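In the two complexes that follow, chain A is the common piece, with chain B as its partner first and chain C second.
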Partner chain A sequence: MDLGDKISVLCGKTSYEGILMPSRSDNTVIKLKNGYNVGLRADKIELLEKGQSVSLPQKALHKREGLPQVSILSTGGTIASKVDYRTGAVTSQFSAGEIISAIPELEEIASYNARVIYTILSENMRAEYWIELARAVAAEIRSGSQGVIVTHGTDTMTYTAAALSFMIRTPVPIVMVGSQRSSDRPSSDAAMNAICAATVAVSDIAEVSLVMHAGTSDDYCSIHRGTRVRKMHTSRRDAFQSVNRQPIGRVDYLSRKIQTFGSYRRRGQTDLELSDRLEPRCALVKYVPGASSAILDYYVDAGYRGIVLEGTGLGHVSSEWIPSIKRAADAGIPVVVTSQCLRGRICDRVYDTGRYMLAAGAVEGRDMLPEVALVKMMWALGNTSGREEALEVMSRSMAGEISDSTPATV
Partner chain B sequence: MDLGDKISVLCGKTSYEGILMPSRSDNTVIKLKNGYNVGLRADKIELLEKGQSVSLPQKALHKREGLPQVSILSTGGTIASKVDYRTGAVTSQFSAGEIISAIPELEEIASYNARVIYTILSENMRAEYWIELARAVAAEIRSGSQGVIVTHGTDTMTYTAAALSFMIRTPVPIVMVGSQRSSDRPSSDAAMNAICAATVAVSDIAEVSLVMHAGTSDDYCSIHRGTRVRKMHTSRRDAFQSVNRQPIGRVDYLSRKIQTFGSYRRRGQTDLELSDRLEPRCALVKYVPGASSAILDYYVDAGYRGIVLEGTGLGHVSSEWIPSIKRAADAGIPVVVTSQCLRGRICDRVYDTGRYMLAAGAVEGRDMLPEVALVKMMWALGNTSGREEALEVMSRSMAGEISDSTPATV
Partner chain C sequence: MTDREESGLDYRAIGLVSGIEIHQQLDSASKLFCGCPTVLREVGDSNLEFFRYLRPSRSELGEIDRAALEETLVSRKFIYKSYDTTCLVEADEEPPSVLNPEAVEIALIIARLLHMQIVDEVHTMRKTVIDGSNTSGFQRTAYVGSHGHVETSQGEVGIDILCLEEEAARIIDDRDDELVFSLDRLGIPLVEIGTAPDIVSPAHAREVAQILGMMLRSTGRVKRGLGTIRQDVNVSVAGGARVEVKGVQALNLIDRIVELEALRQVNLLKIRDQLKERGAQASDEPVDVTDIFRKSASRVIQGALKKEGVVLAARLRGFAGLIGQEVQPGRRLGTELSDRARRAGVGGIFHSDELPAYGITDEDLALVRDRLHASDEDGFIMVAAPGDRASKALLAALERAREALVGVPEETRRALPDGASEYMRPLPGSARMYPETDVPPVLVTGEMLERLKLPELFTDRAARFQEEHGLNPELARVMAASPNFQLFEELVKRYDLPAAVVVRTLETTPQELAHDGVPVGNLTDDHFSACLALLSQGKLAKEGIPEVLKVLAASPEMEAAAAAEQAGLAGVDRSQVETVVKSIVAQKEKLVRDRQERAIGPLMGLVMKELRGRADGALVSETLRREIQKLLQG
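Let's turn to the complex of A and B:
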């Protein structure tokens, strides 16, 4: 049997007919006529018939009466990936149209138009792609889309979610979605995540959100705020967690009911605003014990324009770093302090070192995630005219990334 | 009233007599004669009497018959801190003897000898201090200590715990302990943590562990393995969590009963071994989207000897970094890949980028925490003669820092 072959097999007393799909496990995966994949233990099946090799079906997109219009912008990643036969590794090759074709329930929720923005693995993402993507999202909204879904590799999708959160004030939902296991695996979360994402895309939640598998059963997805979410596990399907704030809500997979946990911006509450300038020359510096402050000097000398420190505890670096912080500040470079603890709030007023850091010109990143603070720094420097103004932006909540108090339970 | 004054106050119908202590809240904190601190609302108390200012009581340490001999080595941090009257900030000033004096229950558990190794805030910790501390711990064990407690600032105590884990094979418990709130605050965890740490120090658990407040009530401390624990909140008392592995166990605060969750090295199971060489020229590089690979070249050119990458997801950096990884490897510098997800396991064999990283010479950090991998790299390079041998050490579990499989629940 070759990949792509049309086959018919017997497994126990049931027969299955469809196309042989790539599989990363020992299972034989067959795409059935109804669009679903089934994974069967290779040692339990018997080949009944082998037909001609076919290419993957791709449904034509057509407008469905009475359903809202949703755009799917594809950027690559596991939700849009299949195995590269040459190397055996997973690469990004599916188009948005193929995603819809593979998940028939999506067509019950909305009418779609689909565009491939780029096809890259998400670790190769960078500020210029965020800008291109933000412009594409805004164009879809201007063209009348009532919701936008962005499919994305899970590795850096939280960074992109943060970037879109700062760059776009949106009157409609913008939903990031991906999958932790590719759609040719029996345990794939691609279908559930896509269906929940589409449900949020037609909802009243006009924010940049990230909708992914949550919990240990396949029963719901969390709706994370784009500036408050982090990938907290390398491989689990429920890898994404909101940090320092409850998720916006959750979507029940079967009933497609949405439950919300707090306030959110509603559909139509704001006009579309795009501010698509970013300063990419920003660095995130994670402090570790004994690390030399020369790394700060390096970034200043290399022409970086903003620095986010990922300090220890309440927001500390070695007191030997104080002169280099002062040097950066004196060079007009904003330095914002976050914590490698990830959870909790920066407070540099308690211990000596923190007070000296503030005196040298560092500014507390409050309860922002380090990665979110980095993306915000790029945006703040892209949209202001200097250190003071950028620091003012960094200190205020622009897209829900800062709270005045952090609830004890998140 | 001045700090240090002997005072007598009335609060409601109860009178309190003791020494006025520093307080970071609005409460008035009084150290009572029994050694406990009481926090009273400043607006609810009436001063009855003000006596002479006294210095803090410091109990003489004496051997108590029938109790095991435990060493307390103090390095600074909140558990050993009080407010600096000059700046209003918290600084490290208490000695180990003062800790025992402040927590009378400790004397029910063991006989102590106490030494101040150094008095620094933990963000100023570095490899040379870890070496000094490891030697001091080993000296205590050689002198007959049946358990060693190391008091430490919480910011970097997990790094120090990892360093001691690799440097010492121990026949007795070595217990790191700190507190998230200083002992002059009513909500301080100093007493509970110290008592639980002493309980572990006289137990059968002959590992380097970190014993800290867990859960939301003041009912138990977790016993974390020194190579598997991370500070996951800036301020909460239950900030410390074991990652990718269950804690060794827990100590019930009131009953002082220990419950264990898996295997551990038992008292006397090994002889004392100290391997106290570390190569401090190691860097932890956290990858963020769009980051330039020039940072890798910087570390190579600056003479660093080992590099730990904190990549995205399963362990990725931009494919543009591949040549710099190869350049580092060609220069004889081991490059080990970990994940900023923190939880889960590195697998660079699934996606193209990971496979190219491995081909360039990077090595998977398996399920090691990034910070632990960095400390281990320092130790591996300090105790081997080159890249290949160091990478062999990095790939094996030396102190419980790697598992062959990661349980789904941690």
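Let's turn to the complex of A and C:
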């Protein structure tokens, strides 16, 4: 008997009829005629009728005249997920084409080329996928795309956004988008996020941005800079927040009007540049009270090429760690300090410990987010030769990830 | 019921088939999928408001449900009110937690009382609901059991299904394109119980609802009060169709609703037969007749035209006279057409059987008839509204007219206060159900079922109270259905007092006091017990109990004896009664000698006044009788 077959199940004197569904226990799970699934300890099962496979009707993409050309690259994640009929679980398998057919408003904004780059859960993302994605994005831009939308699982979306920010100098908008409520449910945020992302993709904002719900209401989405955004909630729609800087702007869902809050790179302001080398052997090390300096030594001994420390407060680790920092620096490994406070700027010149850390060779990560500093470290080491050059890159703003002044309003 | 116009239907002859569905909120400590309390709030206490839109999604089988699809005809904004007693789960901002074990337990107890077969694994499903009443766009519901039954005067009625579900959000405002919901109610657990279509008459429907309600309340673990129980009624007659009438809040309306739905179907079938005979049709396209009404005196039409609206009309061939035919008291076929149009966002339609009226003149009508090529046998319908909505509305009304040619449409209707009903939406198909993947299935083990404590039913308990304690049927019924029934049994056993006195102390008296504004909510089991202790020790008369309870309700920390003292009721024992009685009898010797035994009446009043109700009436009258005898014989 196969999933989808119509069967009858006898339990004691009671008999049930329904469609065989996947089960996670020893019980037989069937979908009754009234739509309910039930699990039964079956005494006897009988096949009534073989099931037929159902395929979702998929709308062909039709291109409208006179609308800008936008590429949708799908990488998996909740925005591209649906209930799997076989396992009953939410899985990533909506193709970009299916997203468009589920959200008809998208076709009022642009005409689309849709490509599936890979279908993975975002927690399985890794540096080599970022490289592959950056190349795919660049290829779309080269072949005339006026904007690129990347659909992504939300868990690690900000890492990918940072990676693309450093790897591509873009003349057109590159927009990351995802959803916090799966797109198979009526309340999903996928549609609004996607519509707002498409709106940004055809706008003048030629930055790597991340467009997601700004609040819990379906009113507008924030346009976050790819190097300034962090997932700050496990489940809320407005989990993504810009840190230490205002978002680039926001998009009103119904009017599709964009309001910007500061400067940004305009469409066509630069030529496309791709620097797609990353050094994946970099680590982000979080210091906690009492943590042994052996942790830092481990990375040095294991052959890591760059280390970002996530220190306490203004950027501190225990003074016992200072020799290990010196040891890393002496081994040619750049060590950059960020803060677990996330908000605010590193200042290792206020207390003795900080001064000793700097003397040992650590460098302040300024107002960079720890994860962004990590991705930047990979990129800096991939595109420079040696510690000094990499550290020079690390302390300079390359994609809006560092600023010299923090507005009092953020 | 006598003032109602009875339909006089022979239900067996018309082939009435009916079943009811009961939705009962459970009195669990927390909601079905989160830790929030199951309390309703004042809307003014809301601390956050947000809004969403919903869109239908395809189910696992690739279909969009037809009820869900119709809902998207109207794209509305849903505003939600949140409280400090609701959380991210109600706001659809956090995945649900596991199915609340307490709610599962209550559902299993109810399934057991109804003799149901319980499934071995309870799976939570998502039932698509995109009218905004669920923030997620679906209601979570789980199938618990089937194949049950209850005994009724007409024999066994099958119980086909028991589901454990989450309650929807409470609608608090309908602004047409914006609906406002309160999240306090969303997620309160409820059981849905559906009977088999075994109900044979309106009175039987009411009886079944009463029995089920009694069984639910017998658990002592369901919510009480307005809005905590709702009944839906399914009705069809031979040749008609299954129609679900939703949202019956009052039990005593159920028979009327079944009766009026049966009547409606019978009448619609009669209309269908006449339409067939006439060769009627409803296949015409809407025609724009705006120009005819440019200068019309009709306020409705002028209002619509001012908003750049149009007037559309469509001929209904052979419908003349039948559109105005009554299907339920005060509701015509035309009302049913209008209901459908209203769903498409207009105020209603005009139909030829009600015109001329509303400022539309005979002259206008002649022009419209001319434009539509409508003869005297033909009817027509007309709508005035902004273009897009007008055409959607008229098409929806035409669709309903075509259904009249076939008979009774299957649909979900909303109960109206008089027992009639109005169109709500098509009957939902089974496609609207798909698994709630965030909630793991619950295994129902034999051990779990054995541990369940089944309650004694109110009816059984009342019979027992009559037999064991000699209560009359009324007091037995009151005490059996009271949450205090255990306290009653305890107190009757502890103090040697008549059971009726205990019932009055626990039930009748507090109710009367509450009526007078006494805060009886402050009274605890200990207060009642202490009161009855004083009574059994002869330190308080039963006439003094209301006064003592009143004092205790106002000062709950006080001892009962002190309360009796404060009420001026304490410390009157047998010897004091005798003293007072002797002195009164002595004072009124003349009266006693004149009236003999009959003097007891007026003297009783004097003694009680002197004692200020501090003594037991029986003791006073017994003492009086003895002293009067003594005087007369002495």
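By our rule, the second predicted complex is superposed on the first by the 352 of 410 C-alpha atoms of A that agree within 3 Å, B and C clash if a C-alpha of one lies under 4 Å from a C-alpha of the other, contacts with A are read in each partner's own complex, and residues count from 1 in each chain.
As a working rule, a residue touches a chain if its C-beta (ideal position, glycine included) is under 8 Å from a C-beta of that chain, and two chains touch if they have at least 3 such contacts.
Please read these numbers as outputs of a predicted model, since none were measured by experiment.
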item	value
Chain B versus chain C as contact partner of A:Leu48, first or second or both or neither	neither
Which superposed partner A:Gly313 touches (first chain B, second chain C, both, neither)	first
Touching partner for A:Leu32 - first (chain B), second (chain C), both, neither	second
Touched partner set for A:Ala302, first chain B, second chain C, both or neither	first
Contacts of A:Thr154 with chain B and chain C, given as first, second, both or neither	first
Touching partner for A:Cys11 - first (chain B), second (chain C), both, neither	second
Chain C versus chain B, contacts on chain A by residue	B
First (chain B), second (chain C), both or neither touched by A:Leu272	neither
First (chain B), second (chain C), both or neither touched by A:Ala127	first
Partner chain(s) touched by A:Tyr351 [first = chain B, second = chain C, both, neither]	first
Footprint overlap on chain A, where chain B in one structure and chain C in the other make contact	24, 89-90, 234-236
Sites on chain A touched by chain C in the complex	11-12, 14, 21, 24-25, 27, 29, 32-41, 54-57, 83, 85, 88-90, 102, 181, 183-188, 191-192, 215-219, 234-237
Residues of chain B touching chain A in the complex	24, 84, 87, 89-91, 121-128, 153-156, 159-160, 231-236, 239, 280, 283-284, 286-291, 294-295, 298, 302, 310-320, 339-347, 349-355, 371, 374, 408
Parts of chain C lying in touch with chain A, wherever the complex brings them together	50-58, 60-62, 68, 88, 91-95, 117, 119-123, 125-128, 130, 135-138, 141-143, 146-147, 161, 163, 430-435, 437, 440-441, 443
